[in-house]
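In what comes next, chain A is part of two complexes: it sits with chain B in the first one and with chain C in the second one.
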Partner chain A sequence: RGPAGRAMAAAAAFERRVVRRAAEHHYLRVRLELSDGGARPNAPQFKQLVVTALRELHGEVGAALPVDVLTYEEKTLSAILRVISSGLVKLWSALTLLGFYQNRRCAFRVLQTSPFLLALSGNSRELVL
Partner chain B sequence: QNILTVCFSVGYSVVALNHVIDFKEKKQEIIKPVSPSELFPSLPIVQGTSKRIKVLTRLTLIVSDPSHCNLLRSTSANIRLYDIIAVFPKTEKLFHIACTTLDVDLVCINVTEKLPFYFRRPPVNMAIDRGIYFELLYTPAIKDSTMRRYTISNAISLMQICKGKNIVISSAAERPLELRGPYDVANLGLLFGLSEGEAKAAVSTNCRATMLHGETRKSACGVVYTVKKPRKVEEEETVPACKKAKTQA
Partner chain C sequence: MVRFKNRYVLCEVVSEDPRCRQCIEDRALGLAVRDAITRVHGDYGLACCSISFTVKYLNAYTGTVLLRCRKDSYRLLCSALPFVRYLESRAQRYPCFLNTLHVGGTIRTCQKFLIQYNRTQLLRLLQNCTNEEERQCIQKSLLSCSLTEEQSQSGDEEEDDGTE
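For the complex of A and B:
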């Protein structure tokens, strides 16, 4: 993505790039917690669950929000989602208010969120002090 | 006990256990609150800091009749054992009384059914001046879609009158899976119409202010209100502590 504005430092060997636009996408690392027992969703079912959550809270317009599941691990039920920045509040609130998956109680825990994918690799909450 | 363990793992630092009293049933007595040390022999440490988690006790009174409020004025010994007192008014008159004269810390706003009364500006402004916070619950929104609509509509009508000040969002979770993390709840505040700073305050600074309000209420109880000096001390005690909370948050 190219920068929207550029400022050159005077007579120096480096160049400073100023990005005036906010980031295009926001990335969320989420984990689905299910009550024990029963089948775990695979990747397409997980995406279906996210779209259902959006539809329940924000209707058809919400369900049409461009959301991508970048990675998904079935064993831990955790995933990295990507959404357009303007849709972050809608997606996050829809995930928070989702209560049921196939008539079983579930909860989405959003572990990290950031406009940069690299920031999701480190988690300061899991530091052992 | 399960719920508390999940609370701690999700990142909350202070939890209040609620005990609800409904006055419609006869012969309701206020029992002593469960002491937190019975549940946990040693409380776990908050994520990221080295302090222990605090567990407070809280009492909610569901009032549908003005005579129920007399209980608050009587100096029942058990009431004082609770750290935070909340009232849940069911009629407009009781809402007015709760905001203006009752000695409580929180006024609960019904989210499970359509409000039978509209909010008016004078009692709400008086409550804000007195340091009383309005509480919204979010767990009914997780369970049922009709409740979701009522939660959001009641919250929006409250926002229009109080402009987002003095709001506390809390959960009435009965199971560990009904709990949501603090940032998720702050995001829900954005849905209700709060601004970003106000939404985060609804989960952090406003809750701390409620705790301090409860503490000052406990300490000033028993002083006759006709004397103005102790009242001033009460106000001063709350304000610097709130300011301290804001810089720490």
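For the complex of A and C:
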């Protein structure tokens, strides 16, 4: 097993733990940009699109990557994806290079990514002061 | 000094159809392997493995194939080899599969392994002989492999399987 923790105990009752090993899953908040005037994909079709993107770039091995769509909003076409940490690079590169959905131009914008799901709830980019 | 390191994958083509031997050629095999890599690893895998990919050596009589690829992507190549299910040439498709025998860093180590492997295969063929004429044939070809021939022929004699 890799280095799980390293405790630094000072003289007082203060202890800092540093976790070297990253979390199991990575979460991405993505938005699909699609031209207007056409059917919007529903949740299963959205997952099919993600798996298709993985299959084009990384083959059957990529398509078998365990990717989950945790939430999906059809109105805004935004979703939260969960992927195993070792597959983050494959998923992100596949989403970047996907160009077409049913012969219509499309693009994936990755808004936030984090190994913790709670971190996706706050977004300092859209903070209104 | 930094140099490009290659990996040489030694495989053998196994097929039930005897006509498959004639369609073992470098272009057909290269296309079949590339197609398998595209299916299994996608565009990224194909691009990775194609950087220095060639069929270095081919022996249609024994079905021995030597492939070369970069050291960084030899695992992608080796994992895609079981997915080669048929060889296609001149609009004929023959089912077959590739057996990986050895992965080496240089052609010389692969050749040493192949000579050793062919020796053991010849002995095994001799044991499995059913009739006397095959036995005589194999024994004659075994005895004709000798290093006292001309220098240029000795390397070929050692690798020759003596079958077919």
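A few points about this structure:
Operating definition for what follows: the second predicted complex is superposed on the first by the 107 of 129 C-alpha atoms of A that agree within 3 Å, B and C clash if a C-alpha of one lies under 4 Å from a C-alpha of the other, contacts with A are read in each partner's own complex, and residues count from 1 in each chain.
Here is the rule we use: a contact is a pair of C-beta atoms (placed from the backbone, for glycine too) under 8 Å apart; a residue touches a chain by one contact, two chains touch by 3 or more.
Given the structure is predicted, the values throughout are model-derived calculations rather than measurements.
Legend: residue contacts after superposition of the two complexes on their common chain; A:85 is shown touching neither chain B nor chain C.
In the superposition on chain A, A:56 contacts both chain B and chain C. Using the contact criterion defined above for the overlaid structures, shared-chain residue A:96 touches chain B, although it does not reach chain C. In the superposed three-chain model, the partner touching more residues of chain A is B, compared with the other of chain B and chain C.
When the shared chain is aligned, chain B comes close enough to touch A:106, but chain C does not. Touched by chain B in one complex and by chain C in the other are residues 56-57, 93 of chain A.
By the touch rule above, chain B contacts chain A in their complex via residues 10-11, 47-48, 50, 138, 141-143, 145, 148, 175, 177-181, 183-185, 187-188, 190-191. By the touch criterion given at the top, residues 37-45, 79 of chain C touch chain A in their complex.
Those residues of chain A that touch chain C in the complex are listed here as 54-62, 93. Residues 33, 35, 56-57, 89, 92-93, 95-99, 105-107, 109-110, 113, 124-125, 127, 129 of chain A are the ones that touch chain B when the two sit in their complex.
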